[in-house]
Amino acid sequence: MSQIEIADVAIEYRKPNSDETFTAIRGVSLAVEKGSFVTVVGSSGCGKSTLLLAIAGLIPRSRGLIHIDGRDVEGPGRDRAMVFQDAALLPWRSVHGNIRFGLELQRWRRDDIDERARRFTELVGLDKFSDYHPHQLSGGMRQRVNIARALAVDPDVLLMDEPFAALDAQTREVMGNELLRIWERDKKTALFVTHAIDEAIFLGDRIVVMAKDPGRIKAIVDIELPRPRTTAMLDSAAFIAYRHRLRDYIAADMRSLALVGDAA
Amino acid sequence: MAIATDLEPRRAPSLGDALDRYYGSLVSTAAVVAFLLVWQVAAARGWVNARYTSSPGQVLAAALDIARHDDFLHHAWVSFSAFSLGFAAAFGFGLPLGLALGTSRRLRLFIDPPMMALYTAPRLTLLPILIIWLGIGVASKVAVVFLGAVFPIIVNTMAGVREADPHLLQVARAFGARRLDSMIKVLVPGALPAILLGVRLAIGRGVLSVVVGEMFVSEAGIGHQIMNYGEAMQVGHLMVYAFAISLFGYALTILVRLIEDRVRSWRPQP
Amino acid sequence: MTRLFERHQALISGCISFAVILLAWQLAVALGFVQIFFTSTPIRIAVAFWSGLRSGEIAANVGVSLYELACGLALAGVAGIGLGVLAGWSRTIEHVLEPFIWFTYACPIIAFYPLFIAWLGLGAPTIIAIAFLSALTPLYANTLSGIKNADQDLLRAARSFGARRRDLFLKVALPGSVPIIVAGLRLAVGRALTGVIAGELFGAAAGLGYSIAFYGQKLKTTEMMVSVVLVVILGVVLTQLLSLCEAATDSWRTGPGQ
């Protein structure tokens, strides 16, 4: 049995003060094996973040099942940890304090909290900045705190919603490598949503391509590049082939964008 | 991609939803009613000295008395006209000054310190000086209202202008707009929410100023009546007038809020 | 480095402004544009100030007013922030308190001054009560607003870690409100000071407001101006102090894209 099983999930929104329903995603089914790194791509509005939030248990589903290790997802839980696009760090806490935050909320033992916070601060390479506050950190560093905070609670599944979208291209590349380095250690099951095709290919074992109107899974592509990934692979023929394939999938959506005019 | 926060997951509308909307008003009203009841009972039973606290019953009786014997309209008019004059002057003077201060850094550097000093000074402190200058009468009153209302307008207009989107100004300049033009067409509309906030604050302070001013230097007006009744320990009558002035201020504030909401609706969400 | 210069720049320009104003003032009176009776002159005020200092009169008045201010503020802080926290936790409490808080805000407290005198007598308790009521609303309103407007992103992140309502309240909403509460404190100080002076103006036996009324009635402009200037300085000093506090907590301010 796969670790994450998603069956025929639909999520609909009711607009406030109206009876209109907006379907974010429909008929989504997916199985994710334990220890795999799955990336999700698609153009804006295809529902990839919605799906992630539903798996995190932060929004309810209108239809369908989401099971993790056989358990139904009904709300946030210790088995999943989320890394948001905006770091959402508590500005009044230091790096150390922020990494402790999740552990405190989940009521870990006090000794464990300190020890784990320190360990993961080191893991993401911020041990020298442990007492800094968020406003003193760069965007990339803040995201590292974000990731450390999520990993510290030892989740079974790591959910990441475009964590590098707000970073500049160079930092993004560095962070991608960093993320893989950190991930290689425990090889947690990971779901990573992104806009950037190259990033998706570079990071993932499998890529889920979503389309919009309505939000659904269009294709699933297995990435057969060896691990650990290196930047050199970006120029390999295999990589370029994957890139073309994914571009084609997504281009269809982009074309419809240009013709119709996005209402979102 | 962030989830639009104005959408919520679908739920069948329920009776609970309808009640929810009125829940707040319900509880507030219930609290006020409960308070009035306790007050009335406490006064009637002598738990509190009704001479000092009055009671809902007495206040109502006072209201009737005022309606019949006091020239309420006259007093209201006196206060209202003093307020309007002072407020209009404050707006006419404060808005341009706020705009000027907002745009010119140099002006700001020099005018800000003494202005802030005046702002924090309680108007009442300045009242005796005003009396010495302008004598006891309408002029002092209007001056107090002016002083009360002008600073929030200046300060908030200034803040609104400083927060203006520099890109919009650049665009205007790129199309060759001259300073006055871009000020009117870009700055003021952009600063409108802040200006309205300043107006709303100014109304509060202005109303307070008119009452306080009248308590000191007037032959008529709501503040004057308040002072009279206060000294005569006719608490019921005092409360009626105090309540009246609160309502007046509240009504004006609601008006401005309505305008604020209108203005906010055509601004792009940040 | 440039920030240091800028800060000094503001200070310098402020001093220049004041110097210019004082000079113009002194000249206006000396040259007869303004009757000395109306405003006195900076020099005479300074002289009166000095003698007031030496006689201890100023210290006494400032002490009284400050004491009343501090008591009123302390009470308002406890009550305002305390009630604000309660109202932030429970919507029912918020709805219950709303009409009363609004009334305290909209109604001129000073109108009830004679009542206060009757209840609490002439003197410090009455003044403290007025200061307390004046300062209450901004503290309550800002505390409540800070809690209600807690950063949605932070709340969501905390929720994703399984935070319960109490955690969200204590660990995210409350700490996040501190900057707004401090801003409210700045407003409260201004209002409390106004309340103290107003109360003293009407009929205390000591304090800066009393001093203003006393000399004002005797048309002793110079002595009156000493107290007026003191009040203004007091207000500025207190507000500046709080602005510094605000700036210190400013790095806490959450916002989009933080």
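In this document, chain identifiers A, B and C correspond to the written order of the chains, with residue numbering beginning at 1 in each.
FYI, a contact is a pair of C-beta atoms (placed from the backbone, for glycine too) under 8 Å apart; a residue touches a chain by one contact, two chains touch by 3 or more.
The structure presented is a predicted model; accordingly, all values stated were derived computationally and were not measured.
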item	value
Identity of the chain that, by mean CA position, is farthest from chain C	A
Of B-C and A-C, pair with higher C-beta contact tally	B-C
Averaged-CA centre spacing for the pair chain C and chain A, given as whole angstrom	48
Computed distance of Cα centres, chain C from chain B, in Å	18
Chain B, residues touching no fewer than two other chains	none
Sequence positions of chain C contacting 2 or more other chains	256
Interfacial residue positions of chain C with respect to chain B in the complex	9-10, 13-14, 16-18, 21, 37-39, 91-92, 95-100, 102-103, 105-108, 110-115, 118-119, 152, 190, 193-194, 197-198, 201, 209, 212-213, 216, 219, 221, 224-225, 228, 231-233, 235-236, 238-239, 256
Sites on chain B touched by chain C in the complex	5, 23-28, 30-32, 35, 51-52, 109-114, 116-118, 120-129, 131-133, 204, 207-208, 211-212, 215, 223, 226, 230-231, 233, 235, 238, 241-243, 245-246, 249-250, 270
Chain C-facing residues of chain A, complex	56, 58, 76-78, 80-82, 84, 86, 88-92, 101-102, 104-106, 133-135, 153, 166
Chain A-facing residues of chain C, complex	151, 153-154, 156-163, 167, 171-172, 175-176, 178, 251-254, 256-258
